[in-house]
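Going by the order they are written in, the chains are A, B, C and D; count residues from 1 in each one.
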Amino acid sequence: MVISKEAVLAWIRAFAAAVEQHKEYLTELDAALGDADHGANMHRGLQAVLDRLNGVADRDIGTILRTVGMTLVSSVGGASGPLYGTFFLRAGTAAGTKMELTADDWLQMLEAGIRGIVDRGKARRGEKTMLDALGPGLDTLKASLQEGQPLNEALRRSAEAAREGMEATIPMLATKGRASYLGERSVGHQDPGATSAYLLLQTAAETWTAGA
Amino acid sequence: MVISKEAVLAWIRAFAAAVEQHKEYLTELDAALGDADHGANMHRGLQAVLDRLNGVADRDIGTILRTVGMTLVSSVGGASGPLYGTFFLRAGTAAGTKMELTADDWLQMLEAGIRGIVDRGKARRGEKTMLDALGPGLDTLKASLQEGQPLNEALRRSAEAAREGMEATIPMLATKGRASYLGERSVGHQDPGATSAYLLLQTAAETWTAGA
Amino acid sequence: MKKLINHPERVVREALEGLAAAHGDLVRVHFDPDYVYRADAPVQGKVAVISGGGSGHEPMHTGFVGQGMLDAACPGQVFTSPTPDQMVEAAKQVHGGAGVLFIVKNYSGDVMNFEMAAELLEAEGIRTASVIIDDDVAVENSLYTQGRRGVGLTVLAEKIVGAAAEEGYDLEQLKALLERVNANGRSMGMALTSCTVPHVGKPTFELAEDEMEIGIGIHGEPGRQRMKLKPADEVITMLFESVVKDLPFQAGDRCLLFVNGMGGTPEIELYIAYRKAKALADEYGLQVVRSLVGSYITSLEMQGVSLTLLRLDDEMIRLWDRPVKTPGLRWGV
Amino acid sequence: MKKLINHPERVVREALEGLAAAHGDLVRVHFDPDYVYRADAPVQGKVAVISGGGSGHEPMHTGFVGQGMLDAACPGQVFTSPTPDQMVEAAKQVHGGAGVLFIVKNYSGDVMNFEMAAELLEAEGIRTASVIIDDDVAVENSLYTQGRRGVGLTVLAEKIVGAAAEEGYDLEQLKALLERVNANGRSMGMALTSCTVPHVGKPTFELAEDEMEIGIGIHGEPGRQRMKLKPADEVITMLFESVVKDLPFQAGDRCLLFVNGMGGTPEIELYIAYRKAKALADEYGLQVVRSLVGSYITSLEMQGVSLTLLRLDDEMIRLWDRPVKTPGLRWGV
C-alpha cells in the first residue's frame, strides 16, 4: 500500500474539517490553559490552506506540504503557527518531489516534522504540548512498522497512541507556552495543541485507511 | 406660642436626622429620575451643618440660618446645594436678628426662602421639583393662619400639604433639572427634591409641635 | 461593586492627591476647597479660564489644566457639581488681572453653582464671564427641559479657548469665541453598560445583555431610546445622523471629528467607531481636517462612545493646533 | 458579549482602518500582510525599530508608531502573535539601511514568529537584532516556564529605544540599551474583571463579584493568586512590594513609575493607584523622577491596573524626555 498525492490532499482537507468541527472545543481547552484562541487560530490557518490547496494540487507532495507550512506560518500566528508551519515545511522537505509515499517515507516525514517542532519550540515531551501527542504517535508508527504491521494497522495504532498521549497531558504540569504561567493550576486540563495534533494523526489514519 | 431659637436649632438637627435616615431612599428616587446622588448630597451637606451649628448656637436666628445656608452652598454641590442654600440664606435674612419667631415670622421666612429657590432655579410649580412640596406647604400655612388656626395646627396642615404635594409629583412630567431629560419616562416617579423638601417641613412641624 | 478604591467617600480626594503626585510639574492641587491649578499661575495679564463639574469624567476637567488650556478646574464629588466656594477660591488663586472666564456645562446644578460663584466674585471686584456649553443633540425637546446638556464639545472648547487665552485674547473676545465654538458643535453618545457611582454601590441603570442606550448623558441619565444592541456601524450611523442633521452641517464644511470613549471602552472599539464616522463624514461631503480619538470625557467605567462634530474656521484650526501641555492632552510642547 | 464591533473576525482590520483614517499625518497602514508604519518611513541611515504582538492591547503597539518611537508595528489577531510575513514586509518597508531592531514580548508565539522573521530577513541580507522583554514578576518559577512575560515595561522600552534610534544610535548600541532597559524594569498587574475575546464571545475567566486576580497577564492568563477584593491601597502594596523586591530597587535609585490601566479602568482609579504607589516609593527611598499614568498596554475591556518601575540612568532620562509624536504618546513636538 502506498499513500497517493490525492490521499495527502484528502488528509489535509480532513484535518481542516476536523479542526472546523472541533473549533469551539479547542478554544475551550485553550480557555482553561491559555488565551482561548487555539481553535480560532488553527481554523483560520486551515481555511487559508484550503484556499491555496487547489493551486498546488498538481504539484509534488513536497511542494504541497511546504505550501501548507508557509500558509500556516503566515496565517495562524501565536505559538501554533510557527510550530505547525515548521512541521509541514520540514515534512514537505523530507517528501521531496515524490508523487506518492511509502510507509517509510511517511515515517521519515513525521520524524522530520516533529524535529522541526522541537527545534522551533525548544520543548521536550512531558511539558504538556503538542509533542506529547505527536511523540507517541511517531514511536508507535515506527515500532509497528518494525514489527512488520501493514501500514493501515500502523497508522491506526499511531493515531491511537496519539490519543493516549493527548489524554496523558491532562495530569501534566505545563512548562512551555502560555499554559506554563498557570503552574500547578495547569494540572487537570487537556492541552489544546496536543488535541489538534491528535486530530492531525487521526485524520491521516482515517483518510489513508478508508476502504482498506 | 412662639418658636424659640432652641426650637430652630432642634429643627435643623431633626432635618439632618431625617435625611440621614432616608438617605438611601432619596438616592433611590434620584436613581430613577436623575443621577443617584440626592441622598448623599443632602446628607453630606447637613453633616457639615451639624459640625458648624454649635459654633453659632448662641447667635440670633438669622445668623444661624444664614450659616446653615452658606454651609449647604459650600458642601452640597449639585442642584440642591444652591437651592437649599439660597432657601436658608433668604429665610435667615428674613428672620434678621430675632431670637424667637412668631407664626407670622415663620410664614414670611418660608415665603422668602421659596422665592429664593425660584430666583435661583427659575422653575415654577408643576415642573416636578422641590417647589411642588414647598409651595403647597406655604399656601396651606398661610391659609390656616388666616383661618385663625393655632400655629401647631397650621404647621401640621402645612406638613401634610407638603406630603400631598410630594406625592403629586409622581404623575408629573419633569421639565427642570436632570429629570427633565427623561421626558415621558419621568412620569411615575416621585421627585427626590420634593421628598427632601417634605422632610424639611415635616421635621419643622414635628419639632415645633412636640409636647404641644 | 468592583472598583479599585479605598472608600467611596475618599475617591475624589485621593485621585486629586494622585494627580498632584504624578503631575507636579504641570499642576498644583488645593484642598478644602478643592481645585486644581496651573503650576505657573497666575499668568499676569492673561484671562483665567476656569471650568469644573462633577468628578468621574476624567481626564475632564482636572486633566486639562495647564499651559494652553485651563488655568484651574473645580472638581465636585462624583457626578455632583462643585460648590461656589471652589470656583471663588480657584479664581482668586489664578486670575492675572484680566478677568475670569467660566466654561460651564449645561446642568442645572453646574449653572446655579457657577452663577453663585460669579456673583460672589463680582462683589469682590473680579470680572467674570460665563458661557454655557450645550451640545448634546440627544435632548430633543429642549424647550421643555433644562435644555441640552454639555458633553463632548466641552473638551474641544477648553482646548480652543485655552489656546486663545494663552495668546492674549481679552475676556470679551474669549466669550465670543467660546459662544462660536458652542454654536458650531454637536454631540451624541450611547452606552453598552451602566456606570456605578461609588457611594451608591450599584449600577445607575440596568441594561440587558443584548441592549444598549442611545443618547445617554454623561451621568448615566437615560437617553433617547433603549434598543437591542446593533453592529457598530449601525450605532455610529444613528449617532452621526442625529449630530450632522442638527446644526445642520453642510457639504464642504471643515470639521473636527471627535470619537470619545465613555471610560470602559477599549481603544480598539473607538477606532472601529472612528472608521465608520469618518466614512459617513466623507459621504456627507464634510472635510474632516482635525480628529481626536480617545477617552477624554468619561462616565466612570461606562462602556460606550460619543461622537462630536465641530465646524471649524481658520481661527479655530489655528488655535486647535497651538501647543497644549496638560496631564490629559498634550502636543507641540 | 457587549462590544461596539461589527463582526468578531473584522475587529483588527476595521480598527486599523480607523487608525489610518484618524492619524494619516503620523502613520500609514498596510494590509495583507498587516502592519502600521511611520508616514515618513524609511528614514535613511536610521535603525528601524519594529515591534508587534497580538491585538487588543491598544494603544500598544500600533499607537506607538511615529517619530521618536516605533518605525513599524505588526498587529496579530486579538491576543495572537503576528506572523513572520508581517514583520518581514514591515521591515522591508521601513528599513533605512542601518538594520532592524525587533522588540519582542516574551510569549512563545511572539518569540517564535519574530525568530522566523529574523531568519527570513537575514537570508535576504537585512541585518536584525532582537531583544526579548520579560519584566512580569508575577511569574515566579520562571525556570520552569516560558519565563517571565513581557508587559508594561514594553511601553517604556519602545519610547526610550525609539528616541535613541531617532538620535542615530546604531544597531549594537540600541540592542545594548534595550537590554539595559529590560534588565532595570519590573512590572506586575491585577484584574478586577475578565476581558472577552471577540471571537470567543464569553469572558476568558470568571471572577466572583468579591474577587480579584493578582499577577494577571495581559491576555487574561491567570495570575499568582485569586483572592477577595481588597482596598486599593492594599492591592497596590501587594503589587509594589513584589516589583520593588525583585530587582531589587534600592534607596536612592532614580525611577520612572508607570501606573497602567488594563482598558476598562476609569482614570480616577488610576490616580488613586498612583497616589499609593508613589507613597510607597517614597517610603522605600526611591526617587520618582518621571511618571506615566494611563491605559497604554491593555487587555481589551479588562478592569485592573499594572505597576511598572524602571530604574533610570542619565541616558534613559534624556531619551525619555526626547520628543515623541505618535497617536498614543506625544510630547515635545
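Please note the rule applied: a residue touches a chain if its C-beta (ideal position, glycine included) is under 8 Å from a C-beta of that chain, and two chains touch if they have at least 3 such contacts.
None of these values were measured; they are calculated from a predicted model.
The fewest steps needed to get from chain A to chain D, moving only between touching chains, is 1. On a Cα centroid basis, the chain most remote from chain B in this structure is A. Here the spacing of chain B and chain C, counted between their Cα centres, is 32 Å. Work out the mean CA point of chain A and of chain B, and you get 77 Å between them.
Look at where the CA atoms of chain A average out and do the same for chain C: the two points lie 55 Å apart.
Centre-to-centre separation of chain C and chain D, using mean CA positions: 29 Å.
Among the residues of chain D, those in touch with two or more other chains are 78. Chain-to-chain contact here is organised linearly: an open path runs through the chains from one end to the other. Of all possible chain pairings, those that touch are A-D, B-C, C-D.
Chain C makes touch with chain B in their complex at residues 33, 54, 76-85, 107-109, 112-113, 115-116, 138-139, 141, 144-146, 149, 197, 199-200, 204-205, 217, 219-222.
Against chain C, the residues of chain D that register as touching in their complex are 2-7, 11-12, 14-19, 21-23, 55-56, 58-59, 63, 78, 192-193, 209, 212, 229, 231-233, 235, 259, 263-275, 278-279, 291, 293, 295, 298, 300-301, 303-305, 325, 327, 330-333.
Within the complex, the chain B residues that touch chain C are 27, 31, 34-37, 40-41, 44, 73-83, 85, 120-121, 173, 175-178, 180-183, 185.
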